[in-house]
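Shared chain: chain A. Partners: chain B in the first complex, chain C in the second.
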Partner chain A sequence: MDSLYKPFIESTANIIGQMTGLHIDLSDQVCEEGQEISSLGVTSIVTFAGVRRGRFLIDMVPELAIKITNNITGVEYKDVREYDVLTSIAELNNIIAGDAITVLNDELKLSLRLAPPIVLCGKEPIISIPKLSSVTIHGSSDHGDLKINIAFEKEG
Partner chain B sequence: MDIKYILPFLDGLKNILEQFGMVGIERSGLYKKDYMAVDKDVTAIIGIVGELRGNVAYSMSQDTAKNIVSSMMMGMPVEELDEVARSGIGELSNMVTGNASILLSENDVNVDITPPSIVFGSDIYFIISSVDTITVDLKTPAGEVEVNIGLEI
Partner chain C sequence: MDMVSVDMKKLNGLLNRAVIDVITTMTGFDVEDDPDCSQFAEFESVETIIGVMAVFGSIDAVVALATDINSSKLIVAYMTGIMPTDLTDEDVHDGMAELVNMLVGRVKADLVREGLDLSITSPFSISGTNIEMVFKDRENRICRRFIAGDVEMFLSVAKI
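Showing the complex of A and B:
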């Protein structure tokens, strides 16, 4: 497995487990993705720049986003559009991406810096990342599906 | 948020659109948002890292996006927002934010930009910053463009 992707995959399962107590099953299959990604409902994107530029995306069904927020905050939220739900998913993504790029910066000296996380939800949004090839890893939980997508610009 | 951090993004958009022959760009609104609720169909988001940290999002209708891409392709008609057209909007946000980063560096603020993400869909809620988002509406010959700037300063 590409050493650029592995830290993101490991951090996703570890941090969601540590912060929420939820078990996420991530597939062993790494799928090459086209330039467009259809959202499952709630998507958070963290972009980064340094020696390489790229982007980490975490996408999940609304039910899982609500369950994650409820477990983190201890408050029962019902609507995915509530501010606390969206910002919890954004912060979760920030922590996962921060953990992963710390590993990449230590091991590969990439000097990556994260932009703040973006989070969005809406009616079947499509996210396009021109000129950036990416990989997707699908996952599941007792509260619905999620996927992560990792993209790096080619060197040079 | 200091105006000196906002103007480079507006000037960047104006500079780049003018290079494609779109002149007479006017500011038509300025407001502050907690949430960034967008009722426009196309949003290009690009991150900023370095001495400033944040995201900038350019939102527009499909028709505006088509008009802009058409101008970028020397007036070639754009019937639909296909892969080439979407790539054009991504490139536009890259050029605008790159231009803004040069303008910022002239004021001794050094930033780097991250790859753009383009989001399509209706009735989309975004949060692009944990602090406030400043929104500026710009009237351009191609249609209205909403520039949302969320910087952690």
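Showing the complex of A and C:
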């Protein structure tokens, strides 16, 4: 199972570092997650399908979402609900997931295709993915916490 | 083989018909639909639940069905036969995801019968207050409002 999750974990730290210059410290611990995930504030979800179906979620505090956007765009945004902030996080998710599934497709021949990313923010959102067990990896940065969550449907 | 494409108008039409048929069958209510989604803004101020699914193949799109939490409990009660007061949060989340799965699955079946190709992702649901969901392409988005008794829902289809 590790071979399915590892590309997402590596891509997250690498791509955020490359695109924003921010260091993300991801935990070594992979936590089994229940069906419901409480958001830290800004969440982007990308689903994929192929030989297996699954979903990759990146979730972060609003302060970190703004800092990431500011570093990518060079513009000083203040409000996490601004369109450019939310779409920057969606695009970041798309790039991370795209990088990870390229590795999975090359190594495991899963023929995965990414669906368009969705990004959301709100007051204490809960995201629920029925019948899909997942793992969460918590992370931190100088601008607040983030977590990633990866799920694959069981084979067969 | 060249992939035959489906336009947004057709996808939206099929989804609208699926929503009306499924809700009418489940609840027995007459369903009215309205292309005016301007009331969605005030709707967002209450606790909302959104079932979401992506499709790709002959068309790449995200389908989202949003309703307030009380309406969702009513719908899920009809789906499951469990009283709304006895439904857990997990039941409601599962029910909304399953509802979107039913709608999109039905549209997929319609399109596959026509020889088109459509893959669907796992459904998921999001609940919370004042939720803002953003798609990158704001132009290719169709929203429709459905009213069935006390239930009000918004169907949003965004082509990516």
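In the analysis below, the second predicted complex is superposed on the first by the 155 of 156 C-alpha atoms of A that agree within 3 Å, B and C clash if a C-alpha of one lies under 4 Å from a C-alpha of the other, contacts with A are read in each partner's own complex, and residues count from 1 in each chain.
Assume a residue touches a chain if its C-beta (ideal position, glycine included) is under 8 Å from a C-beta of that chain, and two chains touch if they have at least 3 such contacts.
These numbers were taken from a predicted model, which means no experiment stands behind them.
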Partners on chain A (chain B, chain C) - clash or fit: clash
Chain B versus chain C as contact partner of A:R113, first or second or both or neither: both
Touched partner set for A:D145, first chain B, second chain C, both or neither: neither
First (chain B), second (chain C), both or neither touched by A:E63: neither
Chain C-contacting residues of chain A that also contact chain B: 35, 39, 45, 47-49, 53-55, 81, 83, 86-87, 90, 113, 115-116, 118-132, 151, 153
Parts of chain A lying in touch with chain B, wherever the complex brings them together: 35, 39, 45, 47-50, 53-55, 81, 83, 86-87, 90, 113-116, 118-132, 151, 153
Chain A - residues contacting chain C, complex: 35-36, 39, 45, 47-49, 53-55, 81, 83, 86-87, 90-91, 113, 115-132, 151, 153
Residue ranges of chain B in contact with chain A within the complex: 34-35, 45-50, 53-55, 57, 83, 86-87, 90-91, 112-130, 150, 152
Footprint of chain A on chain C - complex, ascending: 52, 54-56, 60-62, 89-90, 93-94, 97-98, 119-136, 138, 158, 160
